[in-house]
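Below are two complexes that have chain A in common, paired first with chain B and then with chain C.
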Partner chain A sequence: MDLLSTYILHQADNALIMGHRNSEWTGHGPILEQDIALSNIALDLIGQSRNFYQLAASRLNEFAPGESVSEDDLAYLRDVNEFRNFILTEQVNGDWAKTILRQFYFSTYQFLLYKELVKSEYPEIAAICEKSIKETRYHLKWSSEWVIRLGDGTLESHTRMMEAIKLLNPWISELFIPADFEYEAAATGAGILPDGLKEEWFHQVNKVFEISTLPALTSEKKPMQILSGKKGVHSEQLGYLLAEMQFLQRAYPGSTW
Partner chain B sequence: MNEEQIINILSEVKDPEIPVLTISDLGILRAVECAGDTIKIQITPTYSGCPAMEIIQEDIRTVLAKHGLDRVEIKQILSPAWTSDWMSEAGKQKLRAYGIAAPSDHACFLNGEDQPQSCPHCLSKNIEMISRFGSTACKALYRCLDCLEPFDYFKCH
Partner chain C sequence: MEAKPPAENWPLWEVFIRARQGLDHKHAGSLYAADAQMAIENARDVYTRRNEGISIWVVESKNIQASNPAESDTFYDPANDKVYRHPSFYHLPDEVKNI
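Moving on to the complex of A and B:
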């Protein structure tokens, strides 16, 4: 697969896996309104992933005439090591604090990324991001409010946020380490190198953490990690997610509603 | 048949989730072109994951087929992205009459707080947000502190 298609799949996979994780809350939210909120965010993200998968599929079909890849093939028939989403996105939901923090980290990143990609020289990528950025801004607002509410809430909610920070901390650095497909995307003007977003990401996160009475994050260098979602080396958690998400298409190929 | 007549016929197609709005009111019908005996239609989603898009496409085909038009190509486009500014004034009035507060401002890159101008039932400005997310992706949930009715708000987006 060419690197630019992989770049597009990376965006699609991030949105799909985040969307799927959020959809696991449907029917289990702490209160009805927030159950609906997470389900709506899931819907937005899965919609964004569909746009990216359709774009990737049309590229792949163009390069390999005779093949016919669809968005569903890309979402439902690829295996764990073919997915290019961040390790952050596949982390299990845990409690409400962890789900909120995962969304907050991801939306902060996605918002900064889309802000750059609306200027992409690849018109279809720019169009998808122009469409999506308004949704992402809203997710960011919602998750920021919850980080503040939990961080600056009760002793219990504050403790749970501290625990969530500890659990998700190891997966932040991956967001900003460029992968081969990101070098290619940046070189062709289709995308950007993510290390350029790092400073602003920490700035935005810490701004909200300060209001939330949570300790500031530091971007210290981490020892080399073996896991890298961008390289297809995932945590164990993605396998279980795919087993659930892909079951129907694998057991009953081609089935539709 | 010309484009204007087709647009007229398409005013029968409503948003399945807000059945008082036509797809023109909502601003998601972007273009209609008669190319020989084929009708080419462009529509755009309000939100990336809007589940109504497929039903709307089916409804367009059904309505046109009733008028004997079955060579129809429907294309979904993303750019320029839909914003709530594409909704017509008539559409906003229909929303209010239906009990949904209409988007109160221009959507172009909002930074401040977006909220409805008033309760669609009693017009009181004494309102509060219940939830940023409502019954569909495009709405938030509010309540009126005077008449005490909850209501949906079609967000500036």
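Moving on to the complex of A and C:
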């Protein structure tokens, strides 16, 4: 697969896995209104992933005439090591604090990324991001406010946020380490190098953390980087997720609504 | 310590949605939220996800004063036989088209 297609798949996979994780809350939210809020976000993200998968599929079909790859093939028939999503996105939901913080980290990243990609020289990528950034801006607003509520809430909610920060901390640095497909995307003007977003990401996160009475994150920590979702080396949690998400297409190939 | 479910901690809000420019806000329903900001966002997620609106008002339900159903005889019945209050006794000139 060419690197630019992988770049597009990386965007698709992030949105799909994040969306799927959020969808696991559907019917289990702490209160009806928030159950719907998170389900809406899940749907937004899965919608975004569809757009990227369709774009990737049309590229793949163009380069390999005779092959016919669809968005569904890409979502439902690839294995763990073919997925290019961040390890962050596949982390299990845990409690509400962890789900919120995961969304907050991801939306902050996605918002900064889309802000750049709307200027992409690849018109389809620019168009998808133009459409998606409004959704992402809302996800960011929603998750930021929850971080503030929980961080600056009760002793229990603050403690849970602190625990969530600890749990997700190892997966932050991956966001900003460029992969081969990102170098290619940056070189062709289709995308950007993510290390350029790093400073702003920490600035935005820490701004919200300060209001939330949570301790500032530092970008200097160097956690283990054996796993890398962008290289297809995932945590074990993605396997369980895919087993559930892909079950139907694996068990009944080609089945439709 | 057992935490109360949010529904017992959070106040109830009434939601009013304006569907289009030029229309009035209409009562859409009610929901629970911790404060006004969350109420607006919950309303956005619960009541406008199918393009129902362009503007949202929320008000805490406790701030709404309602008439008492037990008093409806006193309140509403006296209007029944005041037919002269309807503007139906005027003869409109033919030239007037739009009333």
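FYI, the second predicted complex is superposed on the first by the 254 of 257 C-alpha atoms of A that agree within 3 Å, B and C clash if a C-alpha of one lies under 4 Å from a C-alpha of the other, contacts with A are read in each partner's own complex, and residues count from 1 in each chain.
We take it that contacts are C-beta pairs under 8 Å (C-beta built on N, C-alpha and C of every residue); 3 or more make two chains touch, one makes a residue touch a chain.
Note that the structure is predicted; figures quoted are calculated from it, not measured.
Colleague: Mind working out whether A:E130 is in touch with chain B, chain C, both or neither, as first, second, both or neither?
Modeller: first
Colleague: I want to verify the contact counts: of chain B and chain C, which reaches more residues of chain A?
Modeller: B
Colleague: When the two structures are overlaid on chain A, which partner does A:Q48 contact: first (chain B), second (chain C), both, or neither?
Modeller: In the superposed model, A:Q48 contacts chain B only, not chain C.
Colleague: After lining up the shared chain so the two structures overlap, which partner does A:R250 touch, if you call chain B first and chain C second: first, second, both or neither?
Modeller: In the superposed model, A:R250 contacts neither chain B nor chain C.
Colleague: If you stack the two complexes on chain A, which partner ends up touching A:H203: first (chain B), second (chain C), both, or neither?
Modeller: After superposition on chain A, A:H203 lies in contact with neither partner.
Colleague: Touching A:N40, do we find chain B (first), chain C (second), both, or neither?
Modeller: It touches chain B and chain C both.
Colleague: For A:K166, is the partner it touches chain B (first), chain C (second), both, or none of the two (neither)?
Modeller: Touch partners of A:K166: none, neither chain B nor chain C.
Colleague: Taking the superposition on A as described, I'd like to know which of chain B and chain C A:K119 touches: first, second, both or neither.
Modeller: Neither partner.
Colleague: Report, in rising order, the residues of chain A that make contact with chain B in one complex and with chain C in the other.
Modeller: Touching chain B in the first complex and chain C in the second, residues 33-34, 36-37, 40, 141-142, 145 of chain A appear in both lists.
Colleague: Show me the residue ranges of chain B that touch chain A in the complex, using the header's touch definition.
Modeller: 45, 47-51, 77-83, 107, 130-137, 141, 155, 157
Colleague: Help me check something: in the complex, which residues belonging to chain A touch chain C?
Modeller: 30-34, 36-37, 40, 141-142, 145, 149, 156
Colleague: Please name which positions on chain C make contact with chain A in the complex.
Modeller: For this pair, the touching residues of chain C are 3, 5-7, 10, 31-34, 37-38, 41-42, 45-46, 49.
Colleague: Could you list, by residue number, the parts of chain A that touch chain B in their complex?
Modeller: Residues in contact with chain B: 33-34, 36-37, 40-41, 43-48, 50-51, 123, 126-128, 130-132, 134-135, 138, 141-142, 145.
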